[in-house]
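Next come two complexes built around subunit A: one with subunit B, the other with subunit C.
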Partner chain A sequence: MKKPLVIGSLILLILIIPPIRIYMESIMIIHMLIQLPLLIVVGWFIGEFLMDKAPRVFELLNDNGIPGIIVFVAITMFWMLPRTLDEALTFPLYELFKFISLPLVGILLVDSWRKIKVFGRVFIFLNYLSMFGLMGWLYLDSPIQICNNYLLAQQKILGWGFIFITALMVMYVLQYVFTDHSAEEDISE
Partner chain B sequence: MNKNLRNVILICFSIVLSFFLFYFGTNGFQAFTAESARINRLMEEKPIFPDVTLEDSKERVYPFSEFKGKYAMLTFIYTSCTDVCPQLEMNLAEVYNQVPKELLGEEIVFLSVSFDPERDNPTTLEKYQYFFNSDGETWRMARINNQEELDSLLDEFGVIVIPDGEGGFTHNSAFYFVGRDGELLEVMDYKKTEAAADKVIDTLLNDMEG
Partner chain C sequence: MSTAIENKKLKSNNKLVSTSLLLGGVLIAVMMIFGILMLLAQGGVIDVSDAAFYQFLTIHGTGMVGAAALAAAGVMWYFLNRYVELSKKIFIWFLGLVLIGVVLVVIGVFSFKYASAWTFLYPLPAISANAWGVTGALLYLFGMLILGTGFLLLYIDTGRAIIKKYGSLGKGLGWDVLSGKKKVSDAPPKAVVASTMVTIVNTTALIAGAAVLIMNIINVINPSFTFDPMLAKNLTYAFGHIFANAIIYMGVIVVYELLPKYANRPWAVSKLFLVAWTMSTAFTLVIYTHHMLMDFAMPKWMLIMGQALSYANGLPVLVVTAYGALMVVYKSGIKWDMASGLAFLSMFGWTVGVVPAVVDATIVVNHVMHNTKWVPGHFHMYMGLGAVVMLFSFTYYLAKIDSNVKESKLDKIAFWCYAIAMFAISAQFLVSGALSTPRRWAIHYPGWMTPAVFGAIAGVFLVIATTIFIIHFVRYLKNRGTVGSGLNEQKPA
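Now for the complex of A and B:
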């Protein structure tokens, strides 16, 4: 089962290639809503590989999935601070931390997501729904430039990006709530 | 039991880890934007104004060390700017007007540095001065012709200037208060002119007594 490792490393490699990296980071919305999530996806793939290779480690460090999900929330929230995006462009150390911490978070997520129960998943999902909504509002409503490296117009686009994601998430919730899931539950239980 | 204990410890550990991430990432929950972080950092580093060559509105060319022995109050601007610079300069004028006349030029100089040397030639600067009653002596406006010198200064003082593609620039704004040896003393909020003026006058008077 080397396939996830190959896919994960390949995406990471593409993201690291300097012209691609610099281009992605030059546009605020791509930086935050494409590059950062892709780094988490990298971790997700690598995580699948590692879980297969060394299940004991995950059992030992992340038995019930809660430590992993806490670190996941903390690091993703950290990268949503307006400051961190800016600093990643200015300080190589921050940039390095970004390329390490986000894949790590992906590894933790794939493991934790399977371990936390439905209640935990709903909690995390709604937490991010409200957080994205808040970020959208923050970026749209701010009359001043929050990041030194990005223009006000880019900030607004990012704000709409967050609102769009929030809307998708709300739609997902609605369709989930109003469709019949009794058949699926029978299988999984 | 052993397993439960381990889980509890790991949960506590991850919470502590998260706390430290945010604590250090925001300088102790103080700086959530890079701009506030930048100012904190500048105050700690106290960079020295690099010895750049200025050309002012009276076409005089001299190095920054010309002001050695005097305090300096700086802003970074470009004259075609339509949004923040006029406000910034208007506020600098407010500070300027509060400083006792006898100290101006003797103990302190005001200096607006343009980071757009191509368009801000002495004639343009001369015109711009007029709007803010800057006399060109105790409050000078100058450009830095050498791009390398300009970049080193902007870099040293953490001024980020991005061309917006339509002939303008986006840039961060503040008052920079520089000491007698060109060392950066303080970066001040340009919207709080009263506080800035108090700080400048206090520093000058204390220094002259001491």
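Now for the complex of A and C:
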């Protein structure tokens, strides 16, 4: 089962290639809503591989999934702050931290997501729903340029991006709660 | 099902639910005292500084809504748990988070003078003209956020459990019965229908509330981040209106469960019942716009919708419930005691309380009555005489089925004392409103004072009556588990 490792590393490699990296980071919405999530996806794939290889480590560190998901929330919230995006462009150390921390929480996410069951997933999902809505609102309404590296117009586009994601999430919730789940084996806990 | 194990499980659930009711009941009684202090101040009887008045207003509004919601959630959880499998662990988390939230709010209001009223309308939390500082605002806003998180956990669990048992929230509302796929006799029980409605509307409310609370927190920490105030008001009232409204929809479950048992008659779910609850679910979500009838920037269609649907909002459920309750009780030879009496009183209070609300939701009337004491008049009636009465109906019910504590003459006196006093307080607000007394004013002109003083006196009787209710409940808690009446609970298969 090396496939996830290969896929994960490949995506990471592509993201690191300087022209691609610099291009992605030059546009705010791509930086925030494509590059950062892709780094988490990298972690997700690598996590699948590692879970297969060393399940004991995950049991030891992240038995019920809660420590992992807390770190995940903390790190992703950190990267949602407008100013961190800015500093990643200014300080190489920040950039390095970005490329390490996000794959890392991706690894934690894939492990935790299975363990926190339906209840935990719904809770996390709804939290991100309101957080994304709020971020969209913040970027759209801000009368000032928040980042040094991105212009006001870029901020607005990013704001609509967040609103778009929030709308998709709302539609997902609606279809989930109003379609039938009685045939499913176990959606307990 | 009547095994000892099953019974033991139910008993330990009783303890948890009792905690939420005791906490809620005591908080309600304490908040009443702040209500009396406000009326005394407005009536010119005592001297309260303006700053203190608004702290009282803030704690009274927040505390009453929070405490009533806490206790009502206990009632809902108790009955819903008979039909679906809820998690006890989550309920404990819910209690814990609410408690932490309350403590933070109290500290923010009393130690740091936070006084934005419970509606914390943006940008007031950050712009207080130095009446309070950043710390107070943050304590209050974070307190509300934590409290809301507790409720969100609870509703995720009820939603999860309802979907697991019935397939979807639509089916929890009985949509498959309405579409003819299922027989009416197989419809979900009333407690499940009501809980599904509350789960839907309150989850929505809490998500909107979380967003607007965090927005306020950002603005308080760094005022250079500003937001569109009209959207903020929309989200704030989507949260506040829905959350406060849902209290009565949780409390009414006790009426559904208790009256048929007492009257020894079935109260079957009908298609009309299901339609009514679905309509109220939809209306409750959109009519918060009646809080914005004065905001000219709002799209006109939203306001017209707010007005039209506000008329229609509570009515479907109220009508099927009041009518159903009458039919169950009528000539049934029902035995009246505190629990059934309070349940019946609550139906009366709800019905009467809706009338002034409907009047005020009319745009033409609202132009005159907006922000007068007419508004607290209507919601004190239907909260104080409706929702809160349901909660105490439940505490007497629990005491009856789970202990041998007897009701005394004193309880009966308290019943009438409560009914009359709460009615008097509501009437006092309505009279003030008719006199054009503005709401939320620390100081009244002499011509406005008389009703306030009258209300304060009634308030004292109300506190006494409420204390007697609580004492009965505490006596139950001390004698919990001693065999109760023949109405003893069994989990339906």
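Heads up, the rule we're going with is that the second predicted complex is superposed on the first by the 184 of 189 C-alpha atoms of A that agree within 3 Å, B and C clash if a C-alpha of one lies under 4 Å from a C-alpha of the other, contacts with A are read in each partner's own complex, and residues count from 1 in each chain.
Keep this in mind: contacts are C-beta pairs under 8 Å (C-beta built on N, C-alpha and C of every residue); 3 or more make two chains touch, one makes a residue touch a chain.
Because the structure is predicted, anything quoted here is derived from the model rather than measured.
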### Message
Should subunit B and subunit C be called a clash or a fit once both complexes are overlaid on subunit A?
### Response
fit
#### Entry: First (subunit B), second (subunit C), both or neither touched by A:123
second
### Message
By the touch definition at the top of the document, which applies to A:48: first (subunit B), second (subunit C), both, or neither?
### Response
neither
### Query
First (subunit B), second (subunit C), both or neither: which does A:111 touch?
neither
### Task
Using the touch definition from the top, say if A:25 reaches subunit B (first), subunit C (second), both or neither.
neither
### Query
What is the minimum C-alpha distance, in Å, between subunit B and subunit C after the two complexes are superposed on chain A?
8
## Note on the structure
Both subunit B and subunit C touch subunit A at residues none
### Touching residues on subunit A, where the partner in the complex is subunit C
118-119, 122-123, 126-127, 129-131, 133-134, 137-138, 141-144, 177-182, 187-189
### Task
Can you check the complex and tell me which residues of subunit B touch subunit A?
3, 6-7, 10-11, 13-15, 17-18, 21-22, 25-26, 31-38, 160, 162, 164, 170, 172
#### Entry: Residues of subunit C touching subunit A in the complex
87, 90, 152-153, 156-157, 159-160, 163-164, 166-171, 200, 203, 207-208, 210-211, 214-215, 218, 224-228, 231
### Query
subunit B touches which residues of subunit A in the complex?
60-64, 66-68, 70-71, 73-75, 77-78, 81-84, 86-87, 90, 145-149, 151-152
